[in-house]
Structures are given as structure tokens and as C-alpha cells.
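Per-chain numbering from 1; labels A, B, C, D and E assigned in written order.
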Amino acid sequence: MLDFFNSTQSIHAIIIVGSMALFFIGFYGIATQKNLVKVLVSFDIMESALFLFFIGLHYKVGLVAPIVDDKTKTFTGMVDPVPQAMILTTIVIGLAILALGLSFGIEYYKLTGRNDISKMNELRD
Amino acid sequence: MSLGYYFLLPVIFSFLTPYFKKLGSFTLRGSSILLSFILFVQSIAYTTMKLPQISQFSIKPPLGIAFVLDGYSLLFLLIFTFSAVIVSFYMLWYFKVNPKRDEARFYVFFNMLIAGSIGMILSCDIFNLYIFFEIVGICSYTLSAYNKDKLGLESGIKYLIIGSIASIFIVFAIMLIYLQIGTVNLGLIAQRFHEIDPKISVLIVLMLFIGFGTKAELFPMNFWAPDIYQGSISSVNGLFSSVVAKAYLFVFFHLFYLFGLSSKYMLFVMVIGAITFLVSEFTALNQTNVKRLFAYSTLGQLGILFMALSTNSSETVSGALFHLTSHSISKLLIFLALGILIHHLKSTKISIFGDFKSRFLTIIFAIGFLSILGIPPFSGFVGKILILKGFALSHNYSAIAFILLVSIVEAVYFFRLTAMMLDKKGTKRVVHVGFINYILLCVLAALIVIFGLFPSLLIHYTDLAANALINPTDYLKFALGVGL
Amino acid sequence: MNSIFLLLNILPILFLYQFGGDLHVSFSLTKDFTLSLIQTPLGTFFAYLSLISFLLVTVSQKSKKLSCNYYALQLLLSFAMLIIVLAGDFITFFIGWEIMTWSSYFIISKSNNIDIKSLQKYILFSLASAFSLIAAIVISYSFANSFDFATISASFKSMPFDIQLTLIILFSLSFFTKAGVIGLHYWVVDTYSKAPDLFSSILSAVMSKMGIYGLFLIYGNIVGYQELKIMFGTILNGTDFGYTLAWIGVATSIIATFKAITQDEVKRLLAYSSIAQLGYIIAVIGFGTTYGVAGALYHTLIHTIIKLLLFINVAAIIAQTGKNRFSELGGLIYRTPVSFVMLLIGIIGLAGMPPLGGFASKFMMYNAAINTKFALILIGMLFSGAASFLYCYKLVYGIYLGHPTSKGLETQKEVPLSYLIPQIILALLLVLTGAFPGAFVKVINPILTQFSLKALPYDGVGIMDSAVGNFNGLFIMSAFVAFFVLILLLISRIKSKAKNNINRFDISYCGEVPSKDTSLHYGFGFGTELHRIKFVNAILKRSTATFYDALALQTKRSSELLSRMYYGNIHNTMIIILLFFSALFFIGVNS
Amino acid sequence: MIFQIILLIMLAYVVGFIYFGLYRNILARIQGRYGPTIYQSFYDSIKLFSKKNTVNYGWMFYLGPIIMATGAVLTLILVPVFSDSDFLRSATSQGNLFVLLYLMVLGPLGNALAVGTGGNPFGVMGVVRGLTRLIGLELPFYIAVVGLIIAANSSDIVHIIDMQKTGGLNIINHPLLFIAAMISMVGFFGESPFDIPGAPQEVYSGPRTEFSGKFLALLMSQGSLFAFAKLVLIIDLFLGGADSLWMLVLKTLAIFVTIIFIGVVYGRYKVEQAVDFLMKIPTLIALLGLARVIWFG
Amino acid sequence: MESGFHGSDLDSSLKCKLEESGMANTHAIMEKAVNWFRSRSIFVVAYGTGCGAIEMPPTFTSRYDAERMGVVGVATPRQADLIILSGYLAYKTLRRVIRTYEQMQRPKYVITLGSCPINGGMYWDSYNTIKKLDDYIPVDVYVTGCMPRPESVIEGFVLLQERIKNGEKAGWQKYDENLKFYKDNQKRVLGGHIDPSYETDWYNLENGGVA
């Protein structure tokens, strides 16, 4: 039974289902939530779903993390390192954007006392 | 000089900015001008070299990261660096008349914006592309919120939210590509793109389309764009219009032709472009805010460019690139002049065009408007007629009719502004342009006229660019590292 | 300033004269576009016409304090027109056309009574005209692979019929707009009436002629009259094409004539009259016969002379009195007698009365209609000519005759000499063209040869000869003068003392005594009768303004509707992007 | 040539005045009156010429009637009087039908200038009515003339006369055109129902309101010359001209009397009614005639 | 503005001229002929002032037909030789009558109908009618009767024609010669209500009538 869960396919399936669920939670969040913080959080949830999805799909049972030290002689049996590098970068960027967004939000809240994005409509003709 | 400096120098400058600031604003401004000047001169230097050029970092592509400069990116490089020079000179005036503004913040993000934009057009690695995309994004969010007032912050937040959506789509697309092909090198992706399962490939294309289309202000995804223009200062508007939008457009069509999508999606992009053009020009008619008005005009022109660039014929594409160049110059001209106007009249209502008195500005605006409308002997005319000629050669008469008909709508509001400027009634306030702006606007106007009278100066480069865009074999060779 | 630009205006004339019909310059714009200037007889005719008009108008501008850039723009305009008429390919033509458009736009904007709406009308119609032109140009390029007139003309025959038809319609629409064919004339009246007064003369006399030149270029040079005949077939003794065009022209002329009569503003009347007169030209331009072309060319010349004369005259009066309505003018004949005589000569020419040149051109056009047996066209032209007497009379009565209707007119002085000199020259030209109609034959014959048409017979300088009757302009002129003098002498010998300079208010008025407060000027009542005539009222009550205003309104409404999408709710924008993606995805995956 | 022209003018003057006398007599007889002598128009004209003074509003007022008279004389000398002989038609080869059509309007326009100079609003009203009526009057007449021109393929009157010698009279060939032209002629002669411009009940005597003495006399004289010219033109166009003085008198008289008979039995149309009428029935008749010329002629 | 018209001046100067050229005799013959023509052609402006207005239509229409004698009605005073005043004249009417009379061109004649213009008739003590028209404008022929029948009117015409034919001195000459007399009379009854006369400025008669 547990072996079943330990196979690559089932792990991938679980990850796909899980990340999709997460993605749609985020999707639901940005589609329904009007609070700026919640929207930003929803974005992050969506991004996290993507990261999970990507990293998860590159994981295969039996492979190890691509950490190279002095003892490593062969480079086989490791997962592909590129996705992890990419995801790391993306996480950093996401963080930066989140921070920027929150700082905007705070400043905006200080000025107006609002954080409802659907009511940000002073920029209009 | 390695192509990497295009990114590196501005980044170094940005990091050094706090230090420069301590040295005094003169150093800050001067070094920024110097920097953009160096980049521009270097870009001009590239026009004499054999293209494509490549700069690789540590590992040879396709495994390593590299910058590739072909004819297509050279044109954009010239436009971007030139805009950077003009804007950094313009900021001298801006900070002189607005002494309390935070200069360092502007210069940091301005230079990072230029760096990111140049990185986007030079990068031959889709993930790097994404990183530069985000750099440009962050810089532009910050720049649009440069006015830390309600409007500025609102535009910053809006831009940020939209940018986040676009980046999610792009990240998703890149991940799917990597899952399918296992590489992020543009050359390899281009080679193997047709191997992808068609359904996934549609998904990828759509995600890229939505991602870059949103940023490049295509129709159903561009409802945010006028807000951003309205909320930010006019020099930033000029940058958005002539650099940022153009950079996204560059990537859009770069991928479009690299991935060989032109045969399948040409009509789709053309229709979307046409709708963008139509909707924006019609919407612009009803605007009372100048910045929004010119934002719509920019959207409309992007629509034409999308129509013309997707045709897969080197004639039309060359014309479109000519039009793009001319549009960048004209919009820069208009936004900079507009900044002067807004500063003096303290309003962004359309009525300011009827309230100022300056023969110089009137002429400058008139040249800009006529050029955008494609009226000889200004540069816009050559671009427009080349586009029309290209459509005619492919017997696409409906596109010709469409462009010309909508252009009349466009003429309505441009000439309404002109008429307001020329109107003698009402009280007029004298507007002093200032020496630097005088020179800058003269240079831009002169370029418009020169490219209108001697278009062969520019057509050489647009032809090069068009060929590089449509037949990216040379580019692929370099991107794959074969030629090294 | 004036003298400098006067010299600059003379220069191109000398330049053109120097080349003497042999100008051929080309200059490569890009690898695809070569700009070329080629002098054809037709182009030369129009070039001299426009250059001399500009010269005369510049002379009359001496008494106006005009700025340097006004003159510069005007010079640019004349330069653009020179480019148009000398162009050897369509890109050159189009560049000239557009420079003409915007330079004239900026000149018009310098007027004191211009408003934004009129400016918008002008530029939008001009641009519509230009865009229609460029559409036609690029379509013909797509078949000929060249912008050269000769190449396009050669490859025209091999184009499919629908393309040929589209091209002809597009070109015609463009030039019709410039000439102000009815339906496309919405801009004409406002622009002419609100432009600077002297510039109106250029607009009416020269710029509208560029439309005529374009029509000649298309029908005569590019398509060719022979080809038109083959394309469209024949009706009566002419072509179907000519007949259709003739109806357009005649309708223009009749409608504009009736509209002209009911105008209160002087320049509006002249504008409508200009439309009507160009209607005549358009009526005969498509005939493709010797007399059709000759008549159109002759009327082009005559109309240029007359409209310059009338507009300069009216401009002088407006400048002098500051009034521009018939209901504000009147009774100026004793104050400005020379102007009166000039206007009189002008309107006699405009009405097409025999001793002056106006008749010769009309006669030639009538001949063309007889040759082709287009009886209804001929009747239409005659009819509109008869109706035009009314506005001719209104023009002269409203300004010069009757009683002054506002203060200050009683003490008016004669207009400055700078206005009078061009008028006198033009009036002399009108008299000369009337007395020597045959002289024009020599000017026209090379153009007819250019269109490969039969040349006109030449029987002497005073005689206008045609297959269906001729007349001796010199005889009629001299007989008119002789009888006039004779009767004048006889009458002045009769001893019944004519009491001169009787008080103007001493009129038969039912025993009542009219005074200065009595409304005695009939200027504003003019033309009201026409509203009671059913046929004429049907014309007068309709207006293209309704259509264009509705168009503008609908555009505005659709613009409002569309701009509602952009009332930046970022939440909705996000949802739209996501929905758009989903929609595209489902379409994309399923197809 | 000059002698002939003078002779022609004298002939027209005499014949025209006698015709007008005749007209007044016929009119009187129709109304059950005795009527003036046949020379009454001479008396009137000589009396008017011998008035002691004449009101004059300025030089244009003075020249207007003279222009009108000039127009009448020019019209007269361009119309060929006799069909066979060249006598009295030395000048006709210098013009054609179109010249005549326009010369016929030149005079009234000249007069209208004088009226305008006079400044009497009634006079100008009369002129405007006249010009408005002209729109309607000219239409059937033009159609008729154009029909004849197209039929003869020439605008030369002599040629039209010559055509009738061989091909039969135009009144028989083109009766519809003749009817239309005659209806117009009624108006050109200022007869009812088209006599609105000078309606004395409304606008004094219309354009002539301010003319007195020698100007009025001149207007009357040119009126008779002009009437003669118009009559000769009609018989040239439709009745094949006249080959002798008797035929000339007979034919012109026939036309003239017809016009009078039409004139006396009708009331006066308002100007818009007149134009409406002229644009309907006579125009329709003329168009039918024209259609016949173009498709069957 | 040119000086006002004085008929007598003109006549005398004309005569002088003619006599100098030795053509006085011819002139006399011509004068006679012209007078005959004048008598044969009389244009009438019929001013229906009083009850006599009703008598004029029969005079000019089928029954009595004045046209056979060359007497025709015209619409404007400019063309008229004769003005018929048919009955009493209120002051208000007189104003218009004087103006109409002055607008007529010389030679011009006046015929009055009925007794009111002679001595006031039945309005002899009315406060607003004039009693003796001849004081205001010169009358050539009085046709008496209250009202005169058209036959009498025609009789009046014949009488006038005779006088014209014989070249007798007519009312208009008297009017020109005694302008001051007539103007003073007119001024007396009309007072401040008199309109300016454009032909003769009688307010400044002593200055030669320069308007």
C-alpha cells in the first residue's frame, strides 16, 4: 500500500492534484477577494502552487538532491538541478514583488484608509 | 565591450546611487547622463559591426547564459539607449523645477529599467528573459508610483497586480516548456518547439500570449494601461510608451517568430491588434485627461504594430519597425513636451492645450501629432506607407481600409488638440520651455523630420531588423552556440 | 515682408518658365520610393494657374499686417501645389497633397473667426480625402509594383475589373472631397467662410482646382479616356462613366446653387457658388471628348479668375467695413465704386454672360454635352446657370446696392490699392478671355494631345469654333461696347433733366417717408421665396450636416460606450484577463 | 452691315410698338372696351422722353436701363430675321443660340442693378420675384431649345432654319417642345399667369417702380425691340423663319396673339405657384418632347 | 447735395440757350408737338382720398374706358403725370398727398373731384380736414359734384387735355414759382408733423433750399 504511494507516478499525481488545488485556491482568491493583502496572498498561493508543481514533477523516487560535495564522484542519481535553481530565483522575485506590493499597500492605506482594490478608481477620466 | 555591460553598468550605477547621492546631485545626474550616453554610443558602435554578436557568461550556450545581439535587437537597443539619453537629460530640468523630489530613487529605478529592458531584448535564455521581465516590472511599478500620492500609489498597485498575473502566466509557460523540452535556451526551444504535444503547445502559446500581451497592452488585457499612464510623471510615461511597451512587444514577436508561430497565429494576432487599434482610438475620443489620451494613442499605435508585425512579410515588418521607431521618438517628444506643459499649468485636463502660449511648443506638438498620424514629410508617413505597401503587396486590402479608417478617428482627437493650441480665444499663459528642453525637443523634432525626408537612413536598420526577425537562422546559430 | 514674399512667389514662375516644359527631376527617397517631377502640359497649365493666383493674392495681402510664418506657410502651400501638379509618381503627388493639407490647415487656423469645429471639419475631410487617395495608391501599387504614373497607367488595363472600379471610386472620392462634390462638401462652406478672408480666395480658386487636376490625372492620364470607354461602355454618344459623373456634377451644381441663394454670409454664398461651379467642371470632365476636356479646362481657368476676383473683392470689403453679412452691408456703391465695378465684372463672368469669359467656358461645356447628346445634363447645367443669376444678384445687391444697413457704411472709403490692383488685373483677364476666346485653344491643344484627343480647331483669336455652332467673342464684345456707348450718348442728349445725387431715401413708399431706421435693404429677405417652392424646398431643407452630425454623435456615443471598459477597476480587469485566457484556452484546445 | 443693323432696329422698334398697341386694343376688346389707338405706345414713349425731369439715383441707376437696351439690341441683331435672304442678318453668324439664351438675361440683370441702386425695396422684391420666376420659366424653354439643338445637332439658328426647309417645320416635328416653349414665352412676355414681378397690387410696379421719364421710355422701347426679337426667335426655331416681310408679320403676329390670348384668360400665379407649375406641366411636356427627339428623332 | 430743382430756372436757361442758337422757332413747333403727345398720353395715379374713390374704377374700366383717350392708371407717382384726388383731405392725408405730388415728375397735373377740395364742402367746419386744397398744392382742374359721375370725370380729363395741348401754364409751374407760399401753407396746417421733403428742403428755403 505504502509502496504505491512511494512510486513516482503516484507522487506526481498527488503533487499535480495538490498543486492544482492550491492553484485554484489562489485563483479563487484573486477572483473574489478585494482586499489588497488577500489578493497579494492569493498571488503567492498561486505562485507556490506553481513551484510545488514544477519541483514535484522533477522529483523521481530514488534520486537524491543535486548537492555536490567532495565525496561525490558521479553525477548520476540526482534530480535535475535547473528547476530548483529557477524556482529559487522565482521565489526571490516573488518575494520582492510581494514586499513592494505590501509597501505600496501600506502607503496607500496610510493616505486613504482603504485597501479594497475594487474601490481604487481615482484614476479615471 | 561585452554585451553584458549593457546590463552590468546600469546595475552597478544603481547600486552606487546612494554613494553618488552623498557626493551631490550633480554627480548623480551627471553620472546617469554619462552612463546612458556611454550605452548609446556603444549601441551606435554596434551598427558598424558584423551582426549577430554574442557575449557568453562562463559556459557556452545552449547550456550557459548568453546575450545575443542581432539586427532586430540592435534597432531596439538604439531606441532604448537613445530614449535613456533623452530622458536623463530631461530629468535635469525636471529636478531643477521640482527640487524636493527624491532623485536617487528615480535614478536607481530608471537605470534598472533601462538595464532590464536591454536585458530582455538581448537575452537568449527564456528564464533570464523572465528575470529581466520582472526587473523591468518592478522598476516600472516603482516608477509609476514615483509620485507617492494617491494616484501614483494606485497606479503602482494596479500595475503590480497586473504584472503579477502576467508573471504567473509566464512562469507557468516557462515551466511547461522546461517540462516538455528540458531546456530554457531560446535556440533549443525554437528548434524543438514543434515536437511538443499540440495541446500543451497551445497552452504554452496562450500563456505566453497572455503574459506578454498583458504587458504589451493588447486589447482585452489593457484596461489597466491608461491608469498607469495617468498616475505617473510624464517622463516615465515617455519611457513606458517608447521603451517598456516596446520591449514587451519585442519579446512578443521575437518568440512569435522564433517558435514558428507566425503561420498558425498570424490572423489571430492581427485581429487582436486591429481590435486594440480600433477600441483604443475610439476610446481616446472621449478622454478629457491628456495623459490618458496619449496612453490610448500609444495603445492604438501598438495595435497597428501588432497588425503589421505579425504579417511574416519582411516588407511590412520593416515598415512596422520604421513606424515603431518613429512612434517611439514622437511619443517621447509628446510626453516630454507634455511634462513641461503640465508643470506650468498644473493640470492634466485636456484644456491645457488651449491655455498655453508658446510657439515653440505648438510647433513641437504639431510635428509630433502629424508624425504619429503619418502625414508627410514626417517620419510617421514613411512608416505608415511602408506598412500599407506591405499589406498591399500581400493583397490584404481589408487591413489597409481598416488602418486608414481608424486613422481618421485618430486624427479627430489629435487635430482637436492642435486646433485648441491654435485657437486664439481665451486667456493664454506663456510657457517657458527652458534651454535643455529646447535642445532636447529640437533634437527629437529634427529626427522626426530627418527620418521623414531621408528615410533611407533608418530603413537600412529596419530592413536588417525585419530580416533578422523573420529569418532567425543566424540568431539561432548564435543562440545555440554553433557559430562560436 | 510682403515684398520679400512677393519676390519669392515670382521665383517659381520664372523657374517654371526657364524650364519651358522640359522639367524632369528625380530623387531617390528610399530604395522603393523615387520621387520624380515631370512637367506635362496639364501640369504646366495648373502650375501657372496656381502660381499666378498666389502672386496676385500676395499682392493683395500687402495691406494686411501678416506675420512671417503666415507668408512662409503660404509659400509652402504654393510649393506643395507645385509638387502636386509636377509630380511624376504617386508618392510625390501624395507628399505634395498632404503638405498642402496641413499647411493650409495652419493658415486657416490663423483666422480670427475660426472655431475648432470648422477646423476639425476641414482637416478630417482633407484627411479622409488623403487616406482615400493613399488607399488607391497602395492598391494600384500592389498590381503595378511601382508608384510611377506611367507604370501604373500601363498596368491598369491588366487589373481585374473590380479593382479598376475600386481604384476609380477611391481616387474620385478623394478628389471629389477636395473639389467639394455635394455630399462631401460639408467642410467646404464652413472652411471657406471662416478662413482668413484673402486665403479663402486661394482655397476656392486654387486648392479646389487640385481636386480637378487629380481627376484629370486619373481619368486622362492614369486610366485614360479610351480605357474608360472600354471599361464602362457607352450611352447615347458618350460613355456610361461620363454620364454618371455628369449627373454627380449637375446635381452638385444645382443643389449648391440653391443653397447659395439662401445664405446670409457673403463668403458662404461664394463657397456654395464655388461648389456649384466645380460641379460644372466635374459634369464634363468624364465625357472624354475634346470639348468635354476643353470645357473643363477652360472653366477651371475662368473659375479661378472669377473666384480670385470675387474673394479678394469681398475680403477687401470685409476688411474695410468689418461686416460679413448681407444683412449688415449694403449701399456701398457710391463709397467704393471701383470695387463695385470689379465685383460686377466678376458676377457677370460668374453668371456666364456673353461679353465676358464666363460664357466662352460655359459654351464649350454645353458643346460637349451636345456632342454626346446628354440633353438632360445640358438642361441641368443651363438650369443651374439660370438659378445662379439669383445669387449673383444677391451678391452685388447685398453688398453694394440698396441702403446701408449698419452704421459706418455711409462714411466708408474706397478699399486700398493693393486690393484693387489684383482685381483690376483679373477683371482685365476676364474681359480678354471674353473677347478672345480663341486664344485659349492654343493653350488647351497640347493638353488634348496629351490625353490623345482630337485638337480643337482654331479660327482666329476672337472666335470660338465648334462643330455645333460658333461665336465671335470679339464681335459680341465690341458690339456690346458700341451699342452701350451709342445708347448712352443718345440718352444723355435727351433734355429730360436727370437729377443726380437725389437723396437715397426719396423713394416711392406709398406716400410714407422712410428714414434711416426703416428697413429698406432686402438683403436678408432674399431667397425666402425659394422655401415656398416645393422642389427647391426639398433641396434646401435637406442638409448633409444632419448625416455628418449624426455620424459624429454616434462615434462619440460608441466612444463613450467603449471608454466605460476603461474605468479602471483592477479587479474586473484581472477577471477579464483570466476569462479571456480561459476562453482562448478552450477554443485553442478544442480546435 | 451698320446700315442693316440700323434698319433692323428701326423695323423692330416700329413693329414692336405697333404690336403693343395692338395688344392693348385686343385686350380692350376682350374686356368689352374700345381701347386706345394703335399708336398709343408711341405717344406714351414720346411723352416720357419729353418729361421735364427724371429722377436718378446715381450712375448705376443711369446705366442700368442702357445695359438692358444694349442687351435687347444685341439679341435683336443676332437673330436672323429672314430665312432665305441674308438681308437684315449680317451679324447672326457671330453668335449662336446659347449666346442668345444668355443675352436674353443680360438685360434684365443690368436693369436689376439699376433697381438695386434705386434702393426701393419694392423694386428689388420685383427683381427677386422676376429672377425666381426665371428659374421656372427657363426650364421648359431650355428643354425645348436643347431638344431642337440636339435634333439639328447645331446651335446655329440659321442651320436650324435650314433644317426646317428640308425636314418640315419644327412645330410639326416637335409639337411638344413648341407647346413648352410657348408656355415659357407667355412668361417671357410678362403675361398672366406669370406676371408676378410687376404686380401693382403688391409691389407698386415691381422693378420699374422708380423709373420715370426717359428711363421708363428707354425701358419701354427696349421692351418692344426685345419682344420683336423673341417673336422672331420663336418663329425661327419652330416655324421655319419668314421668307418675306408679310410672312414675318403674319407669323410673329400669330405667335403674339396666341400669347395674348393665353395671357388674358388667366389669373396671376404667386411666384412659387408659377415656378411649381412651370416645373411640372410644361417641363413634363418638354421632357416628353425631348425624349422623342433623343430616341426617335 | 445739389441744389433743389427750380423749374422756372431750368426753363429760362433752356430758352436762352435755344434762342442763342436761333432755334426758338423750331423749339416752339416742337413744344407744340410734344404738348400734343402729352395730352394724348396721361398716366394717372388715382389717390382715393374721399368718397370719390368709388367713381374711379368705372372711369377706367369697360363702361367708360378712359384708356381710349390715352389715360391710363399707373402704380407709382414716379411714372404718373396726373394725380386725381377724389374728395375731402384730412390733414393726415394731405401729408401723403404732398409727398406723392412732389415725387411726380414734371410736367404734372392735379385733378380733384367733388366740392370738398374746393371749399371744404360738407366738412366746412371740420377740425381735421383742409378747406381749400389749392392753398397746399396747385389744382389744375376741379371736377364738381358730390360726387361727380364718371362722365364728369372724363369731362375733366378732356378739359385737362385741352389745356395741355394749348400749352397753358399749369399748376406745377405755379408750385415751382410760389414754392414758399405753398410750403408755408403746408407748414401751417401740418405743423411739426410734416415730413422732410427730400426734393426741396423747405425748412431752409431762404438758403436756396439746400437740404
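In this section, contacts are C-beta pairs under 8 Å (C-beta built on N, C-alpha and C of every residue); 3 or more make two chains touch, one makes a residue touch a chain.
As the structure is a computational prediction, the values presented were derived from the model and not from experiment.
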item	value
Chains touching both chain A and chain D, listed by label	C
Top chain pair, ranked by number of contacting C-beta pairs	C-D
Farthest chain (mean CA position) relative to chain E	A
Closest chain to the centre of mass proxy, which here is the mean CA position	C
Far-end chain from chain C, centres as C-alpha averages	A
Distance from chain E to chain A - Cα centre to Cα centre, in angstrom	118
Computed distance of Cα centres, chain C from chain B, in Å	45
Cα-centroid distance, chain D relative to chain E, in whole angstrom	35
Separation of chain B from chain E, taking each centre as the mean of its C-alpha atoms, in whole Å	96
Contacts with two or more other chains, residues of chain A listed in rising order	30, 117, 120, 123-125
Chain C: positions in contact with at least two other chains	497, 499-502, 506, 508, 563, 566, 568, 570, 572, 574, 578
Residue numbers of chain B (touch at least two other chains)	157-158, 161, 165, 226-227, 286-287
Interchain pairs in contact, sorted by label	A-B, A-C, B-C, C-D, C-E, D-E
Residues of chain A defined as touching chain B within the complex	30, 36, 39-40, 43, 46-47, 50, 53-54, 57, 80, 82-83, 86, 89-90, 93, 96-97, 100-101, 104-105, 107-108, 111-112, 117, 120, 122-125
Contact set on chain B toward chain A in their complex	127, 130-131, 134, 137-138, 141-142, 145, 148-151, 153-158, 160-161, 163-165, 167-168, 171-172, 174-175, 178-179, 182, 184, 226-227, 230-231, 286-289, 292
Parts of chain C lying in touch with chain A, wherever the complex brings them together	563, 566-572, 574-575, 578
Chain E to chain D touching residues, read off their complex	5, 7, 10, 34, 37-38, 40-41, 43, 61-62, 65, 67-70, 72, 74-76, 78-79, 81, 103, 105-107
Chain D residues touching chain C - in the complex, by the definition given at the top	49-60, 62-63, 65-67, 69-70, 73-74, 77, 91, 93-99, 101-103, 105-106, 109, 112-113, 116-122, 124-125, 127-129, 131-132, 134-136, 138-139, 142-143, 146-147, 149-150, 153-156, 159, 204, 209-210, 213-214, 218, 270-272, 275-276, 279, 290, 293-294
